[in-house]
Structures are given as structure tokens and as C-alpha cells.
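You will see two complexes here that share chain A, one where it goes with chain B and one where it goes with chain C.
Then we have the complex of A and B:
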């Protein structure tokens, strides 16, 4: 079907501002992705999948200007031993980065391996993104596959001794970076990936993750607290038998954030947990869009999302569990909750279940409301000042999502950031 | 019902439930047809057909214009495809839009003058068209005092209303209950004032089609302060082949009034699918209350998915006044395709909306049903309880919206939707939309059986039950409550359904 004129024009305008990296093994995948963008067109507010979030700032030819936040708050994860890979406005910073050598893992950069004729990543690059284009088109991900000039390409073969940490700095007010990461966790291997930082004025990122049987990946990210930045990120994960993928995201501030995660459980007994805690004040829209497909026996999926909103902040949750025919003994859980600290904020949600197997346990819960007056009264009656009591209850609300992080030290670091946000209110 | 017999039922689903679902879906008892001479409008849909329907109903000019306006809009609309239902494209030109028994060409003055064949049809269906107190088929009703069990019935056969019982009794109380075609002639001011104000002409594709071609349906007006002395009921029967039924119902409960309204429907077994697109509008003024109960039992098609009714229905209640209340109860067992979302606009402060639904799909049936609760007023409350049961190759979807507007301070919503799958070839889906636009509004959407009333659970557990037993008891108890709340008219259907338990259900 032909695209509506307005969508076609918007898509063409955006494409005209970009140039596709040519040559090397990735070019066919990039050209195929470009064709996907052209056939579905870039999203606009008429699209059902963007019902709650206007994609305009993500789609326009230029990134809206966004100032980098100056703060004396130390960098997240600084106190941990980690292998650092630094991008400044999407450009690799070799000086600030560590040597990309670590036992049990091979780390390369997409830009460096681009002109090779053959590379293992060829089987993955754009593949999981393409699989995720049905039943719902995700044109911004295809756009990223086609044009992202760089990213990290990681193959985990053992159990590296420290986490791999990707840091995204934001300096230029008009930066518009795109990064595309490819991660393959081999059978029985295990690694932790950390990500933090705002990355740019407008950031687009894709992460394709393929976890072989028995592989494990932990993923913890923080999206940086610049007020004006916008970001669209996609995680595409495919899980083999008895593998596990656990991902947690903290989002503090930002004008617009759309985080999509598309996970396919293709091997029996696989486990996926996706969690998020976000806090926003004022000009803030945060959108978690999750699509989990159960296509094997006895798999477990768990989604836990908590949003604290104030001063007109908007929280969006679109979550879906699809249980395919034959995916018996599935255990699917989905929780999305919003705590609104004042009358101007909004929470918009669409928690979906689509189930074609009869021996499954799937549940979802979705709530929205304000701080529990009774709990507040109780704390005050014990001598806790009102502000402090409200903060305590807010942290307790967020705790259920933060608890999804297995590493206690990292979880504590995250909690301290959330506490800071509460005390300064932005 | 071979689909059920051959499917493996997983452990934990009790046999009574399976049997009850089998019973509901196995033999369609109302699949016979009445052989009667019919008068049809020519096949297809044009401006002339719309004019013809209006003419047959002896409508005033303003009504004809209203219909034509709707038809023009419909021509520009696109058939929606967002529902999780899949059916062959409907050829809207291959349908009859008007069919009435020849014997109804001259409208009978009372039911005594109606063709006995038609009356026999309703008798066979168990619908009392004589002004009798006894409900056919309800055990124990014979001995019941006549006063207690009166039900006024409006019988709609294909495109026309045959007549309405107990009109005199109702008139004494000031209640108007008649067919919508009579109301357009006899109470044009009321109809003009309210028609299309809850479901606007261009609300959606099927509602717009209905606005252009609706043939008959019921009209209810309950004046201020009146508690309607008996239950009102409309029974819709599709009989003719290749004929769409487009009913239109308008219920107005004026200040401080109360009315309970029932709706039933059946159709003969036919190989060709038939179209049914209805619109129901309810206006609830200050302190008024309306109970609307439906047992939808259209022909569901055969075991191979051949035939059946396509049921595209727009039902909406507007709680305009403060402290007004509306309660939708629906038991959906029939129709090949159901597309139906009885909704509440909670405009008045402290108004309440409730939606209780049990949808059972079997063989190749597809149901996409649910509700919308639009909270506009302060302290408005809504409750949604939806139970979906799917067997055979059927697909059962709950689709709902709970919207809390910025001014709906202290509004409350509680939603619970459970589904049960019997067999491994069917599907159960939930697509809820939640829009909370102020912080004092509380929205709770649960699709687990663990979140039943904590106090009841605690009580059961303190009496030695384990958690699972306690949950099952409370959920079952609740399910039965909904069914037992159905008026006596539906006691037969309800009795069949109470055996269904929701153990082993998925959210």
C-alpha cells in the first residue's frame, strides 16, 4: 500500500539528510534496512504504535538543540572496575577508552571492521531488527541499521572478569549520533554490559543481542540526565535454550525517551527480565515499549516498570506478551505502575497479552495513583518530616524495579542516584 | 463440538467447566427458521433504499434527512480492521436492508392481531408475548405471584417490531416503552432531543451504517422519580436469509428514575454469514439508574466456522447527571464474530459505571469485546469484571479503555479480566488502554486471580483453606454473583453457566 503523502515526504526529507556507509560486509544489510524504512515510512502521530508518544522530534531532519547538563555529580559506575569504551557525541574517543582487550571476550568497533569482506557479525547485523518488524513496523530501528556509522561488536566466549562499560558523553548542542551494537553470547558464556550517559542532543541506538544455549547477559544502563535531550533506543534479543537476559534501565530526566525492547524466547527454559525505573519532572516524556514473544517451552518472562512523575511529566508503557501456539508452561509477568506526585502528570499504558497456548500462567498488573495517604500519615506520626516521608515512599515504590538488578553494589549506586534526584527535585 | 471432544484439557480445569462450555456451544437450540412470506427491499444499499426504509417506517422528513446524512458520511468511511477478528470481506451490496413479514404490512393494532405464525415463533423461543406473568421455561415461576414477575417485551422480527406488551400498565406509571419507529412518530421531540447524542452519527463505521439504515428497535423513557414497575425486555430475532438486522435502541432515564432492561437475540442456522449492526444509546440523568443486561445468543456458525452472525455493536451510556449509575451485564455466547464495547461516559460527579461480562467462544467463533470507562466528573467510579472463555479454535479478546480526565478528581477504577483456555488451538488476549491524567485518580488493572478481595481471602484462609482454594472460592463466588444478578428472564442461560469455574485461568 502506498504511504500517505505526508508520511512519504517526512521520510524522504529525513533520508535526504543522511548518507549510507558504503562497502564491506554490512552494505547489503544496510540497503535492505533502507528499503524497510522506505516501505513502512517513518512514524507519525497517526500510527497506533505511537498513540501515546509523538515521534516528531525523533523523525525531523535535524536534531533539536539540547544543552549538555553541567553537574558536579560523579559519573555513574566510576567506582567499579570495568572496561570503558567512550563515545563523545557518537564518535569513538580512543584516549578516554580502555584497551579493548579482555579475556573471554572479543571487542571490536563497527567502523573498524566495516570494510572487511566477511565478519561473524554479518549473520546478526540487521537480522534481529528485521525479525522484529512484524507484526509491528519499527522504522526508526531500520533507519539506525541503515545509517549508524559505528557501534561496538562484542562476542562473549567465556566469562570476562569485569563488566564492559559503554559511556556516552554529550558535548555539542546539535549532535545527532546513531550507534548500532551487535552482541553475541556464545554457549555457556556470561557477561555484563553497562551503559551510561546522554550520548547527544538526539540519540538513536540499536542493540542486537543473540544469546546461545546456556549463555547469560546482564545489562544495566542509565540514560543520562540532560533535560533537553531526546533518545530512541531499541534492544533486539534472541534467546536460546536455558539462556538468560536481564536488563535494567534507569532514566532520569530528558525531553523524550522511547525505549523499545523486543525479545524472542526461541529455546526451552530461557529467562528474560526487563525492568525500568524512571523519574521525570516537567518537560519529560518517557516511553517503554516492550514486546516479548514466547516460542518455546517452559520459558519465563518478567517485566517490571516503575515511573515517578511530577510537574506535567508523562509516562508511557506499552507492553506485550505474545505466547505462540505450543509455547506451553510459559510463565509471563508484567507490571507497570506510575506514581504521580502532583495533579499535572499523566500515565498512559497499554499492557497487552496475546495467548495461543492453554497451559500457561500469564498475568499483568497496571496501576496509577498518588502517594498513599495512610502510609504518609504513619511515617509522619513516627516523627518523619513530610518531605522525607514522601521521598521514602517514592523510593520504596521504585525499589521493586531496582531489585531486578542482581549486582548489589550497582543497585546501591543506582538507588543513590534516584535519591539525589528526589532531593534536588530535578 | 468435536473440537472440544478431541482437545486435551490441561490439568486443573475441572470437568464441570468443560461440560458446561460444551453444553453452551454444542447444539444451537434456536437454529430453526420460521417459514413465512416476507416483503424485502431490493438488495444493496443506495440513497433510495435509505429513503425506502424511512418511508416504510412512515417517518417524518427530518428523520429521512438524518438517515441520508449518515449514509453520505458512511460512504466516505473505511471499514475498521484493528479488532482481533478475521472474516471475509463483507459485501455490503449483497444484503437485504429491510425485510418484514407480509402480514405486518398493515401494522396490527395489538398483539392479538399479529400473525399466529409469528407469535408461535416467540413461543417456541420461550418469550412470553401474552401478558402473562409466567416466564416460559423457568422452573418454579408458575407458583410465583403474578405481580412479582412481570416483564414487558418488545419483539423485533427481522426489520420490524411486532408489538410491545404491558403498554397500559407502563403508561399508568408514565413509562414509555415502544418500538423506536413508533417513538419517532409519537414522541418526535424526545427522539430529536436524544437520538445520536451519545453515539454521534459518524462515531464509527458500523454505527454510521446503522444510523442510515436502522429499521427497528426499542425506545424507553422513564420520567423523573419513577421506578419502572417491571423489567423491560426486547427480543431480537433474525429470520430472513441474507438480511442484515440494524436495531437501534434509545433509553432515557430521567432524574431519579430506575429501569432494568433486558435484551435477547437468536437467529436460524444458515450457511451464509449474516450481518447485525446495532446501536444502543442510554442517557442517565441525575440520581437515575439503568441496568442493561444482555444474553447474546446469535447463531455462532457451525463446527467448521460456516455461517453465523457478524455482530458489530456500538453500545454506550452517558451518565449526564450527578450520582447517576449504569450497569452493563453481558453474557456473550453466540455470533461468529463479535465486535462490541458497551461503554460508560461518567460525566456527572459521583456517577458510576459497571461492566460485567462473560464471553464464551467455541469452534471458530471470534469475540473482540470489552468496555470503555471515560471518567470526566469528580469522584466517579467504575468497575470492570470480564471473564473470557475460549475453546476449539476460537479467539477471545478483551479490549478496554479506562480514561481518567484531568478534572476527574478522586476517580476510581478497578479492572479485572481473566481468561480461560480449553484446548491448545484457541487464543485469549487482553488489550487494555489506560490513560490516567490526574494523580488523585486511582486506576487498578489486574489480570491475575491473586488480587481478589484481601479480606475475603483472609477469612477463607483463617478457616483452614489454602490460598488457591480460597482464591477459587472467592472468584467463583463472584462469577456466580454476576450470573445470579442476571434477571429471571435469563435464569436458564445463567444456570448453564454457573458450572463454569475459572480455575486454571490465565490473566
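Then we have the complex of A and C:
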């Protein structure tokens, strides 16, 4: 079916501004992804899947300018021993990065391995993204697969002694980076990946994650504090039997953020937890769009999303759990909640369950509300000043999402950033 | 210490008068019990003093050592030395009991111009006081009042009181929902705090609590006023005969 003229024009305009990296093993996958973009067209406001979030700034040929924030807050995760991989406006910074060597893991850069036929990466690149195009097209992810010039290619074979930390600096006002990471966790292996930073004025990122039986991946990211930046990110994960994937995202500020996660539980007894804590003020739209497919026995999925909104900020949640026929003993849980610190903010949510198995437990909760006056008074009656009491209750609201981070020290680092955000809003 | 004069209070939203001219004076070192039938305004009196939103003071004054309480924010009243042990302590998921206690203690110290307690000092003090009230380390770690039994919640109120060392303590039906042993424990906690510089207002329905926390003065409240004041024997009279006789007598 032909695309509507407007969509076709918008798509062509964007494509004309990009050049597809040629040569090497990834080119066939990139060409296939380009064909997907051309057939579905880039999203616009008429698409159901973009009903709550206008994709214009993510689609246009140029990145809307965004100033990089100057802050004396210090870098998140700085106190941790980690292997650092630094990108500045999407360009790898060898000087600032560590030597990409760590026992139990091999780390390469996508841009550097075009000529090496790393078979597992070739098999994975674009594969999970393509699988995720049904039932809903995700053309911005396909666009990323086609054009992202770089990214990290990580194969975890053991249990590396420290986290792999990808740091994304944003410097140029008009930077428009695309990165595509490919991660394979082998059977019984376990690693932690940290991501931190705004990455650019407009950032597009895909992560394709394949976890073999018994593998474990912890993922904690923070998306930077730049007010004007926009971002669209996709996590595509496929989980084997008895594997586990736990992902937490903190978003503080940003003009527009669309975080999609598409997870397939393909082996029995697998566990996926996806959580997010976001805080936004004013010109802020944050969208979590999640699709989890249970396609095996006795798997657990858990979504915990918390949004603190004030001064006209908008929060969006679209979350779906699909339980396929035969995926018995599924335990699915989905929670999306917004705390409105004033009457101007908005929370738009579409929780969905689609279940084709008869022996499953799936629950979802979706609420929006204000600070609990009774609790506020209780704290004040003990001498806690009103501001501080409201902060405590706001952090308490976010705690359920932050609690999804298993590493206590990392969780504390995250909480300190949320506290800082609250104290800046005085 | 606490002086209330001709206090008239309405529910802000309903335009309904609850207190209709309360006069009460509590001196330092004394324990005053307030009894009265349901709906007589006992809890409202405590809430109005501690500053809960939703009430409108139409007339009268309430001062603590000469400071006008009604002009102050709830946290300022607390810093001035007022404390209310709530009938229904609030559950606050996500806020650890220890964090809460420490924030409260240090906020009050700061408001009074005292140095904040260090983590170690605080811990030592809270452990000692918790032990007296048979509050174990596990309860201190949990979120405020979440998953606590009725008795645990009331003991937690008394722990807060012990840590904050207020000068004017209001206990709002602290005995409700407690078994005899729990009530004794709470009473012991309260009695340990009794001293010449501190006063108590104990709101209760039952004489039983007053066996353990011996009052100096007993007031009977009815229909928004204090209708009768006497010694401990007044509580016994209520226990035996109910309120009907007293109310008929003052009508």
C-alpha cells in the first residue's frame, strides 16, 4: 500500500539527509532496514502508536538545536570502578575511553569491525529490531539500524569484574548522533552495563540484546539533564531459558524522550524487569513504550514506571504484555504511576494485556495523583518542614522503581541525582 | 504551659461547628486526661492544636508558653515543643522509619538552633529508646508504619515522642486497639517521659489507660466544650456510670 503523500515526503526528506555506511557484513542488514523504513514511512501524528507523543522533532531532517548543560554536579557513576567507553556527540573518544579490554567480555566498536566477520554480531544486527516491527511498525528503530555509523558490540562470555559504562557527552548544539549497540550474553555469563549522558541535541539509539540460557544482564542508564535535547531509544531483547534482564532508566529533564523496550521471553523460567523513574518540569515530555511477549513457560515480567511531573510536564506510558498461547504460568506485572506536583501537568497512559493462555497471573496498575496530604501533615507534625516533607514523599513515590536496581551503591547514586533535582526546584 | 481560651472551630468544608468554646490550661509537669462521648470534639482539639488542615478557627486562642500556636505552621508547632501521638498513625511507603526519625529529630534541632545529631549519635539513642519499647531493628528499617500491627504503630508513636522530647505531649486515644500488655508498654514509655518540664494531654475513652498513666486532672468534653473538670475520681465515675449522669448534671 502506498504511503500517504505527507508521510512519503517526510520520509524521503529525512533519508536524503543521511548516508548509509557501505561495505562490510552489516550492509545487507542496513539495506533491509532501509527498505523497512521506506515501506512503513517515518511516524507522524496520525499514527496510533504516536497518539500521545508528537514525533515531529524526531523525524525532521535536522536536529532541533539544544544547548549542552553546564553543571557542576559531577558525572554519575564516577565513584565506581568501571570500564569507560566515551562518545562525544556520537563520536568515539579514544582518549577519554579506557582500553576496551576486560576479562570475561569482548568489546568492539561497530565502526571498526566492518571487515571482520563476527558471525554472532552479523546474525544479531537488525534481527531483533526486525522481529519487533510486528505487530507495530517502529520505523525510527529501522532508520537507526540502517544509518547508525557506530556503537558497541559486546559479547559477554564470563563474569567481568566491573561494569561496562558507556558515557555520552553532548557538546555541539546541533549534534544528531545515532548509535546502535549489539550485545550478546552467553550461557551462564553475567554483566552490568551502565549508560549515562544526553549524547547529543537529538539522539537515536538502538540496543539489540540477546541473552542465552542462564545469562544475566543488568542495565542502568541515565539520560542526562539537558533541557532542550530530544531522544528516541529502543531496547530489543530476547531472553533464553532461565536468563534474566533487568533494566532501569532515570530521566531528568529533556524536551522529548521516547524510550521503547521490546522484550521477548523465548525460554522457560526467564525473568525481565524494566523500570523507569523520570522527573520533569515544564517543557518536558517523557514516553515509555513497552512491549513484552511471553512465549515460554513460567516466565516473569515486571514493569515499574514512575513519573514526577510539574509545571506543565507531560508523561506518557504505553505498555503491553502479550501472553502467547501455551505460555502457561506466566507472571506478568505492570505498574505505571504519575505524581503531579501541580495542576498543570498531564499523564497519558495506555496499559494493555493480551492473553492467550489460561493459567497465568497478569496484573496492572495505573494511577496518577498528588502528594498525599495526610502523609504530608504527618511528617510536618513531627517537625519536618513542608518542602523537605514533600521531597521525602516524592522520593518515596520513585523508590519502587529505583528499588529495581539490584546494586545498592548504584541505586544510591541514582537517588542522590533525584534529590538534587528536587532541591534545585526551589 | 498550654493555654486555650474560648476556642471555636469549624470544619472548613462543611461549615459545621465542632469546638464551641473550649477553655483549658495545662501546667508544666501535669497530666490532664480528656474524656467524653464520641463526637464531642476531643480529637479535633488535638488536631487543631497540631495544625492539621481542614479546620477553621472562628474564635479564641491557643498558646504554648505564650506563643500563639494557631499562627504557626505544623512543623513550627512541633519545633516549639508540641507533639501529637495519633490515633491512626499514617503509613508512608517508601520512607524508611529511621530516615523519617532522623530527619524529624534533626529538623527540630535545626529549628531550635541546636546542632544536628551525627549518624552515630542518633543511632545509639534510637536503639536504646527502641529497646525500651520492644521495637526491634527490623521495625526501624521498614517504611514508616507499613505492615505494622496496631500495637506496633502506637509504640512507634511513643518512640517518636521519646526521640523528639516534646514539652507538650498530646496522646489521642493511644490505648485504642491495644491489648493489655501493649498498653502497659506504651504507658511505661509515657511515664518514663514524665517530668517537671513536660505536660501531657491524654485523650481516652477508658479509665483503663489512666490506671497506668495517672492523671492529675480529668476533663469531660461534650458537644465541643469542656463540661466538667475534676480529679482522677472523675474518670472512675465515668467508667462506672457512663456519661449520662454527668451530662444531665451539667445540662
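Here, the second predicted complex is superposed on the first by the 422 of 426 C-alpha atoms of A that agree within 3 Å, B and C clash if a C-alpha of one lies under 4 Å from a C-alpha of the other, contacts with A are read in each partner's own complex, and residues count from 1 in each chain.
Everything below uses one rule, namely that a residue touches a chain if its C-beta (ideal position, glycine included) is under 8 Å from a C-beta of that chain, and two chains touch if they have at least 3 such contacts.
Predicted model, so just to flag it, every value in this text is computed and none were measured.
Asks: Return first, second, both or neither, reflecting whether A:5 touches chain B, chain C, both chains, or no partner chain.
Replies: neither
Asks: Under the stated touch criterion, which partner chain does A:393 make contact with: chain B (first), chain C (second), both, or neither?
Replies: In the superposed model, A:393 contacts chain C only, not chain B.
Asks: Count the residues of chain A touched by chain B and by chain C, then name the partner with the higher count.
Replies: So, of the two partners, B touches more residues of chain A.
Asks: Applying the document's definition of touch, where does A:383 land relative to chain B and chain C: first, second, both, or neither?
Replies: second
Asks: Contacts for A:373 in the overlay, against chain B (first) and chain C (second): which applies, first, second, both or neither?
Replies: Only chain C is touched by A:373; chain B is not.
Asks: In the superposed arrangement, does A:101 touch chain B (first), chain C (second), both or neither?
Replies: Once the two structures are laid over each other on A, A:101 reaches no partner at all.
Asks: Which residues would you name on chain A as touching chain B in one complex and chain C in the other?
Replies: No residue sits in both footprints.
Asks: Which bits of chain A are touching chain C when the two form their complex?
Replies: 373-375, 377-386, 388-389, 392-393, 395-400
Asks: For chain A, which residues are in contact with chain B within the complex?
Replies: Residues 48, 325-326, 328, 338, 340-370.
Asks: In the complex, go through chain C and note every residue touching chain A.
Replies: 50-53, 73-75, 77-79, 83-84, 86, 89-90, 92-95, 99-100, 103-105, 107-108, 111, 143, 160, 164
Asks: Contact residues on chain B for chain A in the complex?
Replies: Residue list for chain B touching chain A: 10, 82, 84, 404, 406, 419, 421-448, 450-451, 506-507.
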